[in-house]
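For reference, chains read A, B and C in written order, and residue numbers begin at 1 within each chain.
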Amino acid sequence: MTSALLTIQNLTVRFGGLVALDDVSLDIAPRSIQAVIGPNGAGKSTLINVATGIYGATSGRVDYDGARIDGRAPHAISRLGIARTFQNTELFGEMSALENVMIGADRHMCGSYLSSAMHGPAYWRTEQAIRAEARRLLELVGLGNDTDVEAAALPFGKQRRLEIARALATRPRLLLLDEPAAGLRSAEIDELNSILLDLRANLGLTILVIDHVMALVMAISDHITVLNFGRKIAEGSPQEVRSSPEVIKAYLGEKAAHASHS
Amino acid sequence: MLAQVLVSSITAGAVYALIALGFVLIHKGTGVVHFGYGDQVTFGAYLVLIGQAFIGLRFDVAVAGALVASVLLGAIIYLAFMWPLRNASLLARIIASLALGTVLREFLRSYMGPNAWPFPFLLSSTSVPVGGVLIVPANLAIVGVAIAVLVALYLIFDRTIYGKAILAACENSTGASLVGVHVSTVFLLIWILASVLATVAGILVAPLLTLSPDMGLIGIKGFTAAVLGGFNSLPGAVAGGIALGILEALAGTYVSSALKDMISYAILIAVILVRPQGLFGELTLKKV
Amino acid sequence: MTVRLLFGAVVLVIFFAAPHFLAEFQLFQVCLIAATALVVLGIVVVTGIAGQISLAQAAFVGLGGYGPAILAARYGVPVWAGIMITAVVVGAVGYALGQLTLRVSGHYLALATMAFTAIVQLAFIHSDAVTGGAVGMQMPTLEISGKTFASGGTLYYVVLPVVGVLFLAVHNLIHSPVGRAFAAIRQSETAAAAMGIDVLAHKSAAFAASGFLGAIGGGLLGLLSTYLDPSQFGITQAVYYLAVAVVGGMQSPLGAIVGSAVFVLVPEFLQAFQTYLGLVFALLLLVFIVLRPNGLVSLASDLLRIVGGKQQRGAA
């Protein structure tokens, strides 16, 4: 698949003696919604962290849009059009929801240090534009009424959506979501699914979703990769993955795998 | 010449090691780098001075009194400041520890005056030649006491349940509760132990330096020793202290005495730049 | 917009009216507050907003004083030009120091900046030929196109406009994408970087700003005190500036002004207790960091919120 937007090739990541990822390869096609699932500690977050420059690869490589990106600085990767959310939310807690999103938008509109220090007319124009953009994105994820609430004071489900709005503000082409459904109620998960589907339909985004349970991602993913103990143990359509004995074994233990065979 | 320099430098090194040990104990055990620790060292020495010169106690009684007082001081620091700030930002905790040191220093300046006080040596400070090298009995005593303290600490950590709990806390803070001791009790013990250690170090250095409110600057030497030793390892702190003592003495003897003052700051910056994890520490990556 | 113009007009009126109501000594104190506030503004930017603890401010202040003094004594550079040249250079030094944050943060940064201050102070003390060593050196008098500014009454017309303009610029910067990026870095570096913010460049810029502001403040303080004493530029003084910031409120420029006013004026009221002054300041710092880490300004805004029933957002 040469047309993939993100290509991960033979990626291995070690922390001291611990192998978090072991020779994992993965392709993400443009405009697809893909999922990586696996039990806790399988190496899913590590995968995203390497792709966004937070961790380095021990060996292997990550390419985005035809250029190698592993080992580059996180901000440089962000500027290429990859945005992400964090498993344990990393919001700017003391800022309002609106300001959180404005930070994401700033880079696209900010003027020079000089205009920032002078607060001339041009500054006010861009400031208004950033504000409007941030407000629009908050409405998109259903936080239109929470713009002035301090991020740390939002309930958990809303914090997760705020992270998505903030990521969108950087105008990404690829969105990496680390367990966006964890801790959400099922109605909230449905809402999240429809937001993600809309994003692909309206903005042409490519989305990688991580989850440790299968339920959420099955509904909207085109393609699923399953990790266990840092290794890829299965991949394919939701249907294929669901019936893979390896996957059943990883999730339910040996017995269940035998049971499903007999 | 070289032998002389090395022998003399051991004295300073032993004291740096004690101070570094206090830093590392507090840092590893409770997650706080105590920027006021140097001032606690000064304060400890002043406690003896106050007991001896103002209350008229015998030297050994004054020392005992100072040690008891420093137990109290350690408990107060933990209960009144560090416990309430346990969930505060790192910035707030750093500033609070700086503030504690400043309060101790300014207290001494206000009540004991800004000038230096003479402080009694444990033994004679005239040197005797031993095998071609001049040895000062007072300095030997310092090294002796420092070694005794290190041995005592080792026994505490190795033999007592609280000592083990402290070590467990230094490894990770849930470890202490595994050993069956309350974490906050362990933290309290760490602060008390560190406070006593500071007083011992203060009594040992005061005769070497001049005892004034600003003697706390010696704290930076302790930092450097701790950083040199990785800031995370108790044996590393001791090694770092001795190493710094020797480096300082060599720089002071062979280059210039102005350099002797600067060298520990320069080492501090250099180690932080080249190996922020210290000579013996390991680098960890924040997990997200 | 009209609110801002009105505010500006009021400030101008007060500025020109004050000399008619205040005595020479009081004008001197106003200048002292303003110059101290400028120094502390550097801490507000780098520590309060960008979250990078710095104990380098005393060194910046020292360099800001010694720079123009040495330039004037050795090369005959006019003091005003010396102050500006030095501030730019010290800003660059601050930028370089900020590059340290690539490798260190938190405790280690505090230690490194502390060591920086100690080394700079030792350099002042040991470079006898240039700096006068431990004795210190005279700060030359400010002269601009033949007029000399040597008293509180005359320096008032230099110090306040300079400080005012710089405060305005910093206030604006804080309420701009640059300031938002600083605040983002303080709250989560990881997330800030994921938003495309070049964390290292911004931290360095914050350090550069603190160096620049500290140096200008140091130059002005030098003009006011007329003498440079190296003992005034050590770690103790670095903690003092931090204390001013904490007591006033580290997260806003207003805090720098409030804190400076407290620290300059309190000694006036405690004249009978001069020996306890240091202790009072240290206790203030300790009490505030434990009970009110965001300083007097936050106390005032909390009171306003209680009285007004609602918090006002974004009012400039």
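Keep in mind that, in the parts below, a residue touches a chain if its C-beta (ideal position, glycine included) is under 8 Å from a C-beta of that chain, and two chains touch if they have at least 3 such contacts.
Since we're looking at a predicted model, the values are computed, not measured.
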What's the contact topology between the chains, one of line, ring, star, complete, other?
complete
Using the mean of all protein Cα atoms as the middle point, what chain has its own Cα mean nearest that point?
C
So which chain is the furthest away from chain C, centre to centre on CA atoms?
A
Centre distance in Å when chain A and chain B are each reduced to the mean of their C-alpha atoms
47
How big is the gap, in whole Å, between where the Cα atoms of chain A centre and where those of chain C centre?
41
Using mean C-alpha positions as chain centres, tell me how far chain B is from chain C in Å, no decimals.
32
Please output the residue numbers of chain A that touch at least 2 other chains, ranges allowed.
54, 86, 90
Multi-partner residues of chain C (each touching 2 or more other chains)
190
Can you pull out the residues of chain B that are in contact with at least two other chains?
288
Within the complex, chain A is touched by chain C residues 169-170, 172-173, 175-181, 183-184, 187-188, 190-199, 313
Which chain A residues qualify as touching chain C in the complex?
52-54, 73-75, 78-79, 83-84, 86, 90-96, 99, 102-104, 106-107, 109-110, 113, 116-119, 123, 127, 130, 148, 166-167, 169-170
Within their complex, chain A touches chain B through residues 15-16, 45, 49, 54-55, 86-88, 90
Touching residues on chain B, where the partner in the complex is chain A
282, 285, 288
Where on chain C is chain B touching in the complex?
47, 51, 53, 100, 103-104, 106-108, 110-112, 114-116, 118-119, 122, 126, 190, 235-236, 239, 242-243, 246, 275-276, 278-279, 281-283, 285-286, 289-290, 293
